[in-house]
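Read through the structures below before going on.
Two complexes are shown next, each including chain A; its partner changes from chain B in the first to chain C in the second.
Entry: the complex of A and B
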């Protein structure tokens, strides 16, 4: 990480409110406004992800980490603040520009494969969908790319033309990963990538993700409630609580020597 | 058309006692307006107020409404169903248009000015000034990839056709060939992707740069789209997997033509291949094609 480089992703003062909003909302310290019932998904989040760096976001359910990820994936337009992707302000973009950014700059792996994959298509088809969206029109090249990725994520060779529905959970996550990597994204978003898997498969997938990240020197943002995942993947970590970033720093530093009471509780609550 | 001639026309009742060309004048005007819009945006699907017709929806009611709206009394009409002038459905539609609009009919595609068709483009080389009206069952080429009209409308609007390319990829990966036997999706003038109705692949290249006007009417789906003359029409295909038309084992059993679209028929208990365009086949046998 060299600070002189342009960050792949920047968020400045990112605030997302779910609800109509009222005059009191902004001033009150509540997560849920007592007057209009508006819920604050996250407030005044600032973050940067540099090329080749892995940023972890950790926090309990409802802490706002998925809201931040949804903003990074351009699913959600922030109520205030801005999102800068690869040097360009993309706050609130939609339509074909958003589609282009998702095709060329971003890749995402969701917690459940149903979100990221078409289960009725073959593994190869799911992977191929991204080069095709980027305008590849040679069948041989698309096919070759699918084979490359399939071996990169260690899928058995003979399963490329099999429906994803017939795959196990771990295999589906591998397909999701291959699909996300298909267009060599500048930023890979991982939303609880291993939460639905058993422990041994989790470890193998995390190993794979770490290896690919090192090989491709790609920036990643990992959202997880699992400190093990964060510890294994992230260079830096943000701890979120009630929509705010309460602590941030190098992963080892934050997890070894947490300053905030909430972080201390989170670290000590880990199952061993 | 001037308002006066419009009035003169509506005053003159058809033989059957209906208004000229069956539909009332405001209905025809609405259909013509949709046709004009469709011609201005080749390949784009224009909604129109599809009327209840004396044929069931799905039996050519969309094509029929267009034909009745554009027909003029000096037109010569040809109606075919799968290339056949004599099928029950073609006869019924032809009789309705001819009776109410008082037009001459013909089976010769070369001299017809208005051709309503289902599943085929006549084998003859058509020329400028001819109008071909297609009966369309499914208007949206993206229906196969997503059944939700709200989603496919957005895809068309954004020019996001990756889903249909993915469909082509899946066909090649699983089957080794395209599964579209008819309605092969085409790109119109480098823009919209369009379904050329259920015409076989054989007829698809004949739409490219065609000198005639193509009007597509989907009655059940209340949609009209069109190709003006000399429009570029390109079937979607990977660069290294070119589009292919059907190939047949042997020439027409009746007229000996090769290179025409053939269908299977029973001849003395044996399956034989014959031209699907019956009138073209007949004229070839009589030596006048």
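Entry: the complex of A and C
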């Protein structure tokens, strides 16, 4: 029924191990190998994100959500399995190819603005760093793009030339979003985009992300422990527990008719 | 040929936090909807009326059975289709209006309805035709009363014409006049050829609307 499309992101059998690894930890069902102490970040994760679609990943702290996201952003090479971006296998790429993929295909908003921004640069400088990395050389054009983005994320115009260090948390998060969108990425990765923000700012950022996602028809992967964030943004959702995907489905179905005991516990623990 | 064909539909809920107690709701339900027909599902509270609509919309995952949607050139079993096919079907083929509105913070009633592919003028006409007060158009529905939200909710479902529309108590919190307006809007939609399956607290008496009433008993359609 749906036309055949190439997923923007595919992951097949993605497994990440933190630690030296030994002969037993590949086979055992342990999250932490009892012999060498290696921790399994995620095990055999399969997922696909199609153009224009938003995939949510929920789970408690330590369930492997951020590990999966780090692999998608090519920050981390999987121990086994593969990562395919826009049809091309990019498992373990580095150097200039990785840089190019990050500037042309991916955009990311980290949980803490310090990870994604240079705090001592101005907002404009931070946003401009991505068009510059993609080879833009005209100051006027880069400046114009920064203005465009800054109004898209609803930052006050007179703050473009102010150091990000002087911004509030919510404003920093919006600068991150503007930066991530600067090169019109095919896939936007969001890692807990609103944790640490108060609810009114949270609503504003979520609303903004949702509107921009629809306008730009961009694929998105959102990692959050907050089911409210997932409900508002995601079309489909994966539930992770101890490094594995234990349940997947349409967002409203997983939230209203969770199949797994763990998911039921998660949903019923939520303050709605 | 029917547009929606439900066969042997089973749905139960396992409550793992209650020691895995199972609650059977639908037990082998069969139902056929003819194209362009308006069917009302009736039955006491807890008989599974809403669960049936949600199973069709895939908000609930059926245990077994089939929910086959047959349109001009395609056929899709909603109970077993891949998630992306269900999403596509929800966009193009099946609408659902419930009694509760999931409001999006900051968006006005007008923007919510216009978001379904209408211009703001068309959205305003639709909302006003359902009896919404003009002063509320540009306000976010989070501040609305139950009835006002319900009007917005129905407008969202009516905004994008789809061949099949599921209605769950869409007039429950409306006053008599506005409930009448809602039913007239549904009758107009029916004349346009939309197939509808509805749950109502009291079966509407509007002439030319309801074709068939089915009674749910023990998780099936009573003969």
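Basically, the second predicted complex is superposed on the first by the 268 of 272 C-alpha atoms of A that agree within 3 Å, B and C clash if a C-alpha of one lies under 4 Å from a C-alpha of the other, contacts with A are read in each partner's own complex, and residues count from 1 in each chain.
Everything that follows uses one rule, which is that a contact is a pair of C-beta atoms (placed from the backbone, for glycine too) under 8 Å apart; a residue touches a chain by one contact, two chains touch by 3 or more.
Small disclaimer: the values here were computed from a predicted structure and weren't measured.
> On the superposed three-chain arrangement, identify whether chain B or chain C touches more chain A residues.
C
> Should A:204 be classified as contacting the first partner (chain B), the second (chain C), both, or neither?
In the superposition, A:204 touches chain C alone.
> Let me test your reading of the model: by the given contact rule, A:87 touches which partner, first (chain B), second (chain C), both or neither?
Touch status of A:87: no partner.
> Answer with first, second, both or neither: which of chain B and chain C does A:34 touch in the superposed model?
After superposing on A, A:34 lies clear of both chain B and chain C.
> Considering only touches as defined above, state whether A:235 meets chain B (first), chain C (second), both or neither.
Second partner only, chain C.
> Tell me the contact category for A:122 with respect to chain B and chain C: first, second, both or neither.
first
> Which residues of chain A are in contact with chain B in one complex and with chain C in the other?
Shared contact residues on chain A (touching chain B in one complex, chain C in the other): none at all.
> In the complex, go through chain A and note every residue touching chain B.
It comes out as residues 95-96, 99, 121-122, 124-125, 128-129, 132-133, 137-140, 142-143, 160-161.
> Over in the complex, which chain B residues touch chain A? Could you list them?
Spelled out, the residues of chain B in touch with chain A are 158-160, 162, 165-166, 169-170, 172-174, 238-241.
> Give every residue of chain A touching chain C within the complex, in rising order.
For chain A paired with chain C, touching residues are 1-2, 50, 53, 203-204, 206-207, 210, 231-232, 235-236, 248-250, 252-253, 256-257, 259, 261, 264-265, 268.
> Once bound in the complex, which stretches of chain C touch chain A?
Per the touch definition, chain C meets chain A at residues 13, 15-17, 54, 58-61, 74, 76, 81, 83-89, 102, 104-107.
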